[in-house]
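Letters A, B and C mark the chains as written, and numbering starts fresh at 1 in each.
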Amino acid sequence: MVRFLATRLAGMVGVLFLVVLFTYAIFFALSPDPAVQICGKNCTPELIDQIRTNLGLDRPFYEQFLGFLSGLFVGSTYGTGANAIDCAAPCLGYSFQTGQPVLEMFEQRFGVSATLAVGAAVLWLLMGVTGGLVAAIKRGTWFDRAATGAALGGVSIPNYVLALVLQYVLVVKLGWLPFPQAVPFGDDPGQWFLNFVMPWLVLAFTYASMYQRLTRANVVDTLDENFVRTARAKGLAPGLVWRRHALRPALTPVVTLFGMDFAGLLGGAIIIETVFGLNGVGKMAADSITKNDQPVIMGVTLVAAFLVIVGNVIVDIVYTTIDPRVRIGARA
Amino acid sequence: MSALLEVEDLTVTFSTKNGPLDVVDGLSFTLEQGASLGIVGESGSGKSMTSLAVMGLLPPTASLRGRVALDGTDLTALPESKVRRLRGDRMAMIFQDPLSSLNPYYTVGMQIEEAYRAHRTGVTRRQARKVAIEAMERVHIADAARRVDHYPHQFSGGMRQRVMIAMALSTEPDLLIADEPTTALDVTVQAQILDLLQEVRRETGTALILISHDLAVVSEIAEDVVVMRHGVSVEQAPAERLFSDPRHPYTRALLDAVPRIDDEIGELRLVDRSIDAVGGKP
Amino acid sequence: MTISMTTLEAETGGAPSIGVAPPARRQGVWHHLLRNRGAVLALSYIALVALMAVAAPLIVKVSGWGPYEFDQSAIDPNLGGLPIGPLGGISAEHWFGVEPGSGRDLFARIVYGARTSMLIALAATALTTLLGVVFGLLAGYHGGKVDQVVSRVMDFLMAFPALIFMIAILSALPASNRAPLLVLVISVFGWPYLARVVRGQTMTLAQREFVEAARASGASGWRIVLLEILPNLRSTIIVMTTLAVPGYIGTEAGLSFLGVGVVPPTPSWGQMIAQSMSWYAVDPMYFLIPGTFLFLLVLSFTVLGDRLKDVVDAGERR
């Protein structure tokens, strides 16, 4: 078990490193020269060169990459002398456009994305898993058909379309919700909360649909399993058959999938945040892409990759703990 | 003394897209205490459905007519809650594939204990564990005290089937139904399991219904045999008589189709589809 | 809209639920499928959109307006370019109304947008299937080193936050050749999911008796793979592919929505929805119409994939 963990962690670090390298290399090759961006209006070629040297942009690739890597652990400094900019560890880069270290930008926006993720997750787990369970138990009834139909619609509608429809209906036509306005939590908690209602609903509905389908399919399949038949043949009470023998195998994949989805969501829901104007990590990503703020794009990609990889490993570990076949291996 | 199991005019009907389908049609047989019965037939003959009908494990899409009496009590007239109390206690069943028939997430010990505790009140964990270990020892699983905490995937195929038998016997049932218990196993292991079933019968006096498509398997154990085809019993007789003097053409064809070591090398005789007691149903 | 490929995978259950079956008789599958109402409706809609895509130039000749022509008379400059008339300006002239601000014919843009969606989805499907099957077969059949390498590559690709990376790359590259780039990027991140399943099933199949028999009779590796193994994977591949198409369509639409998809003025349903965001309160038709088309297309492929899976699964249980 320990050995398994160790190999897994080593693998994770390996993949993460490759992702960092790959991303860095691509952006190194593709992105516009930050020196030009900083230089601004009254630029001369000499000035550009100076800036480049100052920021260390004229060093070879591997040097810059190593510099970036070390910055992740110990922080780094941009430029020299009076205008030197300090970037504390882990230094994810420095945005010359906003004048902030990328990490700082993250910290300011992570709360919004996290709130979005947690609220949606609670909703979608409740709606999706329960919906799938009930639909499976009452297979063929009107509830099953309605729930499964709704879920089918939910996975088919792009979430930005759903967002617009919801906004149109709830805000414009029915007036149940006010137009989303960005306010800090301290100033107006009520409005702040209301801002999240529609994004939560849209995200939750999309994910709940997937989870409903998955749960229902898993439960239906599990109920057909031979070991459930055995449990019944032993004369176990239906509740026991259900809880002990059917639910656990059926829900395990759902739980593990949830781990992955949630981790991914913490990295920011780009589309939802953009559509609803929520100032989270996702919107930061979208904005930085429009403005071509390369360090921020890099930073966001790295953090998202990190979250996905970590989520992956956690899910693997959970799976090992739950499934004895993986934990123990065959033929002791 | 009434027979242990009396099946009278059993008909199991499935509602399908193309109308109702009788998978078992008017089947009758009796089984005395401690006796052994073999039900033989090809796939689709209805033999497994019969056993599920006796146990009350038919899927909701199936309906049942006729009488199934265990020790005089008509099971078909009882509510499910009462049948459930008999199921796993007075009558137990083991299935074809022991790997998929055991829950991979729980230890074998736990699954045996579960079977026992479902039908006994006031049993402590320690008592149940003792019962499980004893059950495993009775089916000759070595090192039972340690292996009781192992998971199904840690056993070989034959061992797993022994676990299933142990599980079924833990409540000392009057009737054990074995549905193709050896089909998924190696030939050598098959013989061991069959021997085990014989031994169990001798020691506990449990009646046995053995279901198989394999005539050789049935001939070893069964005292009486029912031959099924398309849901109907085409012939029933004591085993000796059936095998030495088969009366129905289908039985004869089945016996003929079994290749024997002393056969002349020729074509494998397939069961002729034209031999049909009931109207053609593929 | 994130390609939740993990869900796709989970839904198709990796290897177990779509077991390895002998190739269902072609007519058997079609026959069952066509008797299912949902599948028929889905197929009809897909055919309709395909028709729109293929015959786009002809269709707009009939409807009167091309997708790049501006009709100033249809929008009201005093209201900021709002279409004149109810429902976004639907009229005999403009069957679906016009785009606010530009006055372009919405019908024509929808029809041409179908091209974008279908072309990219088809191309992505083709490329992903090719890569997925080839690598899956390679890894599954040869095992050992080959498998190690391919599997690590797959792990690497699947660990990437695909959406962000796609957006980032697409935005960093020059805006020409967007369509092929989109296809490439979608396929690069999409093939591991198919490959993983193909690999698993190939490994199971490679141990079966008929493969041993083929080997014993002297068949070379490639023959075995192509003639013995591949036909048995047909149903799995078809089902997984069909269920993946909605993801590709959605991804293209989403990327276009975010502004990194096909370059304007080429119409794309996703792009139109993005533009409709500024107008949604006053001209809901502008987002409803492309939104509905998009929704129905994704829905159709999903339903089709579901039904296919049911037919294939049922065929196995026989």
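Operating definition for what follows: a contact is a pair of C-beta atoms (placed from the backbone, for glycine too) under 8 Å apart; a residue touches a chain by one contact, two chains touch by 3 or more.
Note that this is a predicted model, so its numbers are computed, not measured.
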Pair joined by more contacting C-beta pairs (A-C or A-B): A-C
Distance-maximising chain from chain A - centres being C-alpha averages: B
Computed distance of Cα centres, chain C from chain B, in Å: 49
Separation of mean Cα positions, chain C and chain A [Å, integer]: 23
Chain A-chain B separation of Cα centroids, rounded to whole Å: 52
For chain B, residues contacting two or more additional chains: none
Contact footprint of chain B on chain A as seen in their complex: 225-227, 229-237, 240, 244-245, 248-249, 322-325, 328, 330-332
Touch list for chain B against partner chain A, complex: 55, 57, 84-89, 92-93, 95, 97, 100-106, 114-115, 118-119, 150-151, 153-156, 164, 167
Chain A-facing residues of chain C, complex: 1-2, 4, 6-7, 10-11, 13, 17, 155-156, 159-161, 163-165, 167-169, 171-173, 246, 250, 253-254, 257-260, 270, 273-274, 276-277, 280-281, 284, 287-288, 291, 294-296, 298-299, 302-303, 306
Touching residues (chain side chain A, partner chain C) in the complex: 11, 15-16, 18-19, 23, 26-27, 30-31, 152-153, 155-161, 164-165, 167-168, 171-172, 206, 210, 213-214, 217, 221, 253, 257, 260-261, 264, 267, 270-271, 274-275, 285-286, 289-290, 292, 294, 297-298, 300-301, 304-305, 307-309, 312
